[in-house]
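Can you keep this structure in mind? I'll have questions shortly.
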Amino acid sequence: MTPEFAIGLSVLLPVVGMLGVLLIGERNPDAREGVTLVTTVLTLGTVLQILPGVQAGEQPGLEVLEVLPGLVLAFEVEPLGMLFALVASGLWVVTSLYAIGYMRGHHEINQTRFFACFAAAISAALGIAYARNLFTLFVFYEILTFSTFPLVTHAGTEKAKKAGRTYLGILVFTSVVFLMFGIVWTANVAGTLEFAKGGILAGKISGWRLYVLLGLFAFGTGKAALMPFHRWLPAAMVAPTPVSALLHAVAVVKAGVFTVLKVVVYVFGIDLLADTGASQWLMAVAAFTILSSSLVALTKDNLKARLAYSTIGQLSYIVLGAAMATSAGVLGGGMHIAMHAVGKITLFFVAGAIMVGAHKSEISTMDGLGRRMPWTYSAYLIGSLSIIGLPPLGGSWSKWTLLMGAAEGEHWIYMVVLLISSLLAIGYLMPVFVRGFFLPEKHDDHHDDHHGDHHAEPHEPLLCVLPPVLTAVGCVLLFVYAENLYDMLAPIVAVKGG
Amino acid sequence: MTGLLGLWHYWMIIALMMVGLYIVIARDNLVKKIMGLNIFQTSVILFYVALAKVEGGTAPIIPEGAEHVVYSNPLPHVLMLTAIVVGVATTALGLALCVRIQEAYGSNEEDEIVRMDVEGLARRGDRAESAPHADDVPPEEVPA
Amino acid sequence: MTEHLPALQVVVPMLAAPVCVLLRRTQAVKVFAVLVAWSTLAIAGTLLATVLDSGTISYKMGGWAAPAGIEYRVTIANAYILVLVTSVASVVLPFGLGSAGSSVPQDRKYLLFAAFLLCISGLLGITITGDAFNVFVFLEVTSLSSYALVSMGHGRRALMAAYSYLILGTIGGTFILLGVGLMYQMTGTLNVVDLSERLPEVMASRTMIVAFGFMMVGLFIKLAVFPLHQWLPNAYTYAPSTVSAFLAATATKVSYYVLARVVFTIFGAAYVFGELGLDRILIPLSLAAMFGGSVAAIYQTNVKRLLAYSSIAQIGYMTLGLSFNSLDGLTGGLVHLFNHAMMKGGLFLVVACVTYRLNSSMVDDWRGLGRRMPITMAAFVVGGLSLIGVPTTVGFVSKWYLVSAAVQQDKLVVAGAILLSSLLAVVYVWKIIETVYFKAPPEGGDPVAEAPMSMLIPTWILIGATIYFGLHTALTAGVASKAAALLLSGVP
Amino acid sequence: MIDPTPMRMRDKIVLRVVSKLLIPFILLFGLYVQFHGDFGPGGGFQAGVIFAAGFILYGLIFGLDEVETVVPHRFVEIGSALGVLIYGGVGVVNMMLGANFLDYSVLAHDPAHGRHYGILAIEAGVGLTVFATMMLIFYAFADRGRRPGGAA
């Protein structure tokens, strides 16, 4: 099929799947899950159809409709978007496998709504990935926000509702007040919203306005969880683990940093930022976010909360890379999208597996669990090492490239920041593993699972173990094939200035 | 001097208008408010009539064989005829509402009515418009 | 016959009203009224089409040429409003007028329909006429019939609401009458075209400022511009829900058009904004309305009242767009006029559906409705989202124009304020959505069925429109920008 | 020695005689204003009011039932609608004849005559409506409490 067709199809397929899920509903869960899995595989397949063309350097596009003069809903796949689309759709397959095991093992309610909204979210994420202009990106960005809201408030408890308010409050506030303001402003200053190599704002805006505009975009993409607009991410952890895994480690948060990267590369243009130094302060904010969030992560006993804060820090790596406004920095950021995604989703899978298998969510109660759940814990080890950035795992490459970027821009201090944060990562990720294997098992197992039936014997249901193992393998593969990734991304900064 | 006193009829009109407006604002009795409204409208009608008047003009009917008769501008009068109709309709509707308010509340004093509504609010949270209650709806209003 | 369409546009509904009185039997009247509404829509559509390709139409009532006679004048601007009014009417009428929360006994429903048709013809008359005094007459026709319609709501509060609406409305109307009189005194004409030609000669005199002042205050009352909005919340809250839907969607919109016409074509932007500096008053007022209205809406416990306050805020957006005195600004105002009619009309119809089943519009009585009336509540969610201004809904389109207009004039603070105030909409919409979807239905409440098809279809037509016109803006934004250009050019 | 029971208006001889004397003239004057409307001051609106005044006076003196036997409630309701229809009907007829709405000149060969007929018909309609509406308002208030619904 032609890439143009594939683009449209891959955005539509999840919607079709969603409708299928809704039609089948609770009547026949097996058929419903069947539909979900088929959809995920088909979507990944269509996305892969686009890949060769993009690797060959062409940028297939698709124009949907013109909403207002100058506001066009249109898609165009460039390397960065291709990468994001691959990550989202690829991990969706794994996650839905996992979700089925998790939701059933956990006896969750409203599973139909869950899978339906999930599909909608993926469709939105793909839309963001393909966006040809800021307007399209913004449209799907908002769709993503609203389609994930029911997932966050899934439990329907008071806690979930409160979290939902925080989630929606911060994301909508930032996107409407800052991001949309920035977009309208850009439209009126640059006269266009189309992404273009080397940016569209060069020479159009200067002085304090440039700083303000950059701020509007940086803080406007609340999904990038840049402090002080990061609160929604820990709050969103009340959602079922598959949601946290795919959406709040991959789709949603990556949509945020992806937006930041796109804006920096295709709207401002790294030359403009490098020359004016308008993004210096953004680097500082990102660095601060990295360090403080890592420190907070150290204090969290709830595994998911700890992972959430680690995510915040890792996201700021990418923002930092973008803010460096150096080609290596941008590439490093781009690669980190993939590397961190695969690594972090592994960790979330593990967290969920522990919750299903042993009904434990607090790290302090997980002593000695590793010997009973060896596969799960091995996956955890690999994932965390990748996040920390040790070879032979994918994470090492992106972190290396980011360091190169810092060096290229002579931002020595930020090199230090990156290294310190790696140490902190060791600090907050390793204890789980260490406790799991080297501490004696506590038997006064106090655990806060709100599901009456907990099996005395921790077990590893297949559907909950296979996915983390797969993604762990993914981490290794990414180390081996990082070259291809780099080559694919290289063009986005190849033609500097445009 | 003449500049001001020459326009004495405007002063009259403005005075009338303010009287009407004052009654509408200051009176609690709903019927009196309507009266004030009438005075208020009348002042505007007078204004139109006044601006139609031509010095020494007659009624705008040209007798047989009379040339260049000076007559007042008929148009404003025509307009005011319409305005009067509007006034009549408004008054009728307003008084009709007064009657029904009297039946529903047993009072025509705004302050008392407001007090009753506030009590009603306190009693069952402002549901008057949706859930009819015995004391809410005059007997003949309960849908057949 | 086509050359008579401008007259028919107003005459058909006006003559239909007495026919309703003669028909008398509720069912017959209902069918008849619906047919009339649809025919007016057809007429309006044809007019818009004609105007779009062959320019302004002028129709001389009774064959008398202006200024002596009354001229009906159809431009792109008011054809657009005509289509809006008639389309809302033709959606609301089939809905079953006064079926929800009306106190009118079945055997007198025909009077309700008669009043409704008069209201329509009045609105159309205001829009289409080219004669300043005629505007006043039709304004009063509209107002009188809407007082009557409001008073037909359930419960005695409806009566007080109608009464205070009547008092304020009449004062406003009389002010307008006075303003018209002063203009006539200075120019000796009532025809809009002649006025716009002759006024510049007498602009210097202080009388014109007085005339303008009276016109503005009168129109602000009719348009419920903050702080002259006092009549609106009660009127919308206690009127029958369908009536609220219609009034909210049309009445204030027509007044907005009159305002735009007075400002841009009769007095002219140069005078109004240049010499009198209307924007210096209107921008603060609009911002106050946007924030005051939304904040007030957040604290309401009655959905209808909540929507009423949100209407005040939305009117703030429109007046803000007007006071920018720029193409994008006025386009934003005009397009929001249409969009707001769609969403607010739809939302009030949702309330009507609920009150029909549940007999209450209180927020806490709506607990758990999401499961019991899924289709209706889905409509509410969509309507709420477009009220917030989420992309792909109409709300986004109007917000886009307004913010762009603010940015173009470098009023960055105002632009930020627009976006901030639209966040308040999130708060009050979400308050209801949470109640509806996340709260358990009240115990012992008898089961509530989904609203009947006859109600769901009109509701979803309006709600669907908020999505459709959020994506295909040729009809709304396209025509609105043409209309705005025409108004700004000052050509009547 | 005064009769303690309050007297009704109809029992007051003066009122009865005077009103009986006056009402015919009032109605006559109403008709005059109606039909003299196109030669001198006057017209349907004033005529209708005057005409209605006559009946309202009658109603005030002799009671609502009396006047309702002369002018039934249903009749005024229809009349108020019919008048408007006559008015608009003339306009529509003009349209049929190819002129603009309410352009009477086409009603006869000689435009002047056309206008003459036209204005007569129009004024008739106006007179009927105004008369009927005035009576309607009078009934609406006087009837209050007797017939459900009532005003508004």
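Labels A, B, C and D are assigned to the chains in the order they are written; within every chain, residues are numbered from 1.
Methods note: contacts are C-beta pairs under 8 Å (C-beta built on N, C-alpha and C of every residue); 3 or more make two chains touch, one makes a residue touch a chain.
The structure presented is a predicted model; accordingly, all values stated were derived computationally and were not measured.
Asker: If each step moves to a chain the current one touches, what is the fewest number of steps from subunit A to subunit D?
Answerer: Each step joins two touching chains, and the minimum needed here is 2.
Asker: Mind checking the centre-to-centre distance between subunit A and subunit B? Centres are C-alpha means, answer in whole Å.
Answerer: The computed centroid separation for subunit A versus subunit B comes out at 67 Å.
Asker: Distance from the CA centroid of subunit A to that of subunit C, rounded to the nearest Å?
Answerer: 45
Asker: Calculate how many whole Å lie between the centre of subunit B and the centre of subunit C, each centre taken as the average of the chain's C-alpha atoms.
Answerer: The mean C-alpha positions of subunit B and subunit C differ by 25 Å.
Asker: Could you say which residues in subunit B touch two or more other chains, in rising order?
Answerer: Subunit B, residues with two or more chain partners: 93, 97, 100.
Asker: Would you please write down the residue numbers of subunit C that are in contact with two or more other chains?
Answerer: Counting only residues that touch two or more other chains, subunit C contributes 104-105, 107, 148, 151.
Asker: On subunit D, where are the residues touching two or more other chains?
Answerer: Residues 148-149, 152 of subunit D touch two or more partner chains.
Asker: On the basis of the stated criterion, which chains touch which? Give every pair.
Answerer: A-C, B-C, B-D, C-D
Asker: Given the complex with subunit C, which residues does subunit D contribute to the contact?
Answerer: Answer in residue numbers: 77-78, 80-82, 84-85, 88-89, 91-92, 95, 99-105, 148-149, 152.
Asker: Name, in rising order, each residue of subunit D that touches subunit B in their complex.
Answerer: So the residues of subunit D touching subunit B come out as 40-41, 45, 137, 140-141, 144-145, 148-152.
Asker: Please give the residue numbers of subunit B that touch subunit D in the complex, ascending.
Answerer: 59, 61, 81, 85, 92-93, 95-97, 99-100, 103, 140
Asker: So in the complex, which bits of subunit C are touching subunit B?
Answerer: My answer: residues 101, 103-107, 133, 136-137, 140, 144, 147-148, 151, 153-160, 162-163, 166-167, 170-171, 173-174, 177-178, 181, 184-185, 237-238, 301-302, 304-305, 355, 359-362.
Asker: What residues of subunit C sit close enough to touch subunit A in their complex?
Answerer: Subunit C reaches subunit A through residues 385, 388-392, 397, 399-400, 403-404, 407-408, 415-416, 419-420, 422-423, 426, 430, 434, 438, 470-473, 477.
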